[in-house]
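A short write-up of the structure that comes next.
For reference, chains read A, B and C in written order, and residue numbers begin at 1 within each chain.
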């Protein structure tokens, strides 16, 4: 039964993720006064890349990168319950808690770093370096906020955290939410923190040497991973969801915010983004942590 | 300044092209001395350009160094002639660093050698093995005909000039016919 | 070899003599996806490069047709040769084209790629692009406006959707022919040096 559950989770995340990416491109186009592509565009792209034939090989180490990334993304998804009450769509979350999820979220970038490093494309290496630098910076405020949330609800179980919010955490602890939101924008690779795949600077960064099926895999995993991250945020800060409808509108609101945020800001340089993430959100998170522990509950 | 130059370099070929542009032609062995003198004593600090002109009938290249004062108000063209065969003249890179790229350009386009320039490699062409392209004995059209294929026109291709002539004649004839018809018509109406 | 205008003519008349295709359903589906998603390499040569930014940005918005830019040749489907190419550029175009993954297409803009255009007697530019690379679609004009570029793209999409384009196959099959022509103008070393020697020239940066 759990296999069926996992498969359903994966399929949901895959399609919703791709439709969100299509919406992302369409809505960004509207921001720029364009008509923009259809919402299935990302899906078309991914399938098309799947049908391409690569002319060369870089050796198996190189292709391990996207596979590890996809593994990381899918495992992250499996350990995040979609709904806080229901038995179904809870995946493996009974076997692991928030700590495991935080760890699994790191697996993808590290695997990718290994693969791209083998490929030897200078832009890929540059992009990965930027990615790891940013990762280091964005995790500081996010972890502080998450630790605070855990201490508030006295649990590391995601479903418990989601279910135990009487007022949702975003309103009860706005400082923590704001700090985590900054990290979240960076995690989704949005402006102003989109230093990793900046097209005019590092020529799409880590992905620059991939083509064909592996690029398709990368796109799919990023769609799945984005949805997993959205669900995690909804669970931690927006009170979780009790049904598909609630889950979809909550994730979509969050996603819309991220898009809007990205559409109106220009790109930071790498040191600037690290600087910003370490200074502003971290300080907000620490203040929020103090508030939460002193006056919380 | 002119008097000094005339005396020292034994030249009479000095002219004021514009208020802010002078030109002098000197012997080849005196040119660097002149450039140094202009630089040291008359503040012509900048080398703007090195140009070359191919006088194939007179069997020489005219090489011109254009110098500008530091306040950018005066320019001086210093010209000399070098033979076309084994064309070579000393490099100016030791005095003006920017001469390097200009000399590279001339080397590539005219085949002039600049002893003293360390970096006389190709500038914008790649693997060029024919005559340097801006020498006048280089026949561009012949080169193109030998090396590249043109597209044959389409089947119904017509000579534009002939066609225009034909169309014009046709039009004229039509007009004349129309006029004639009109006249006839008016005659008929007159007759009535 | 396909003449540019003949090709266009074919596209216009293709409805008239459309034969029933014998594609398998998988091929049909893949072609359907391919025509809806076209990644164009961000590369420009000649005057035409200036017409591409308006094509891809808000004014003409090629993305609504599924056409968008790609940063690296590995991800691109289409390379646009946007005007005259000197030998030096041709070298880079060939290298880039060979790096792209199959299926790949070439869109050539302007009269310079058709017959040399106003550079017909230049010693340093090639005259007919199709001697060196298999061109899928020509867009005429000097320079074609973004509207015509979009029209060219749409014609290309139509051909892709019908599964008629196999120029990359043609390039592989007739490689000897193309290679001979390439060597005739570029010498034995067709591909430029791979490492960053431009960076190391003149003592480096």
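We adopt the following convention: a contact is a pair of C-beta atoms (placed from the backbone, for glycine too) under 8 Å apart; a residue touches a chain by one contact, two chains touch by 3 or more.
Quick caveat: nothing in here was measured; it's all calculated off a predicted structure.
Contact topology of the protein chains: linear, an open path with no closing contact. Taking the mean of C-alpha positions as each chain's centre, the chain lying farthest from the centre of chain A is B.
The most central chain, judged by the distance from its Cα centroid to the centroid of all protein Cα atoms shown, is C.
Separating the CA-averaged centres of chain B and chain C is a span of 35 Å.
Spacing of chain A relative to chain B, judged by their CA centroids, is 61 angstrom.
For chain B, the set of residues that touch two or more other chains is empty. Within the complex formed with chain C, the chain B residues making contact are 119, 121, 124-127, 129, 133, 138, 140-141, 143-144, 147-151, 154. Those residues of chain C whose C-beta lies close enough to touch chain A in the complex are 30, 33-34, 36-37, 39, 42, 57-58, 61, 63-64, 66, 68-72, 74-75, 77, 98-99, 101-103. Against chain C, in their complex, chain A makes its touches with residues 25, 29, 32-38, 41, 44-45, 47-49, 51-55, 123, 199, 203-204, 207-212, 215. Against chain B, in their complex, chain C makes its touches with residues 3, 5, 87-88, 91, 114-116, 120-124, 126-128, 131, 184-187, 189, 192, 201-202.
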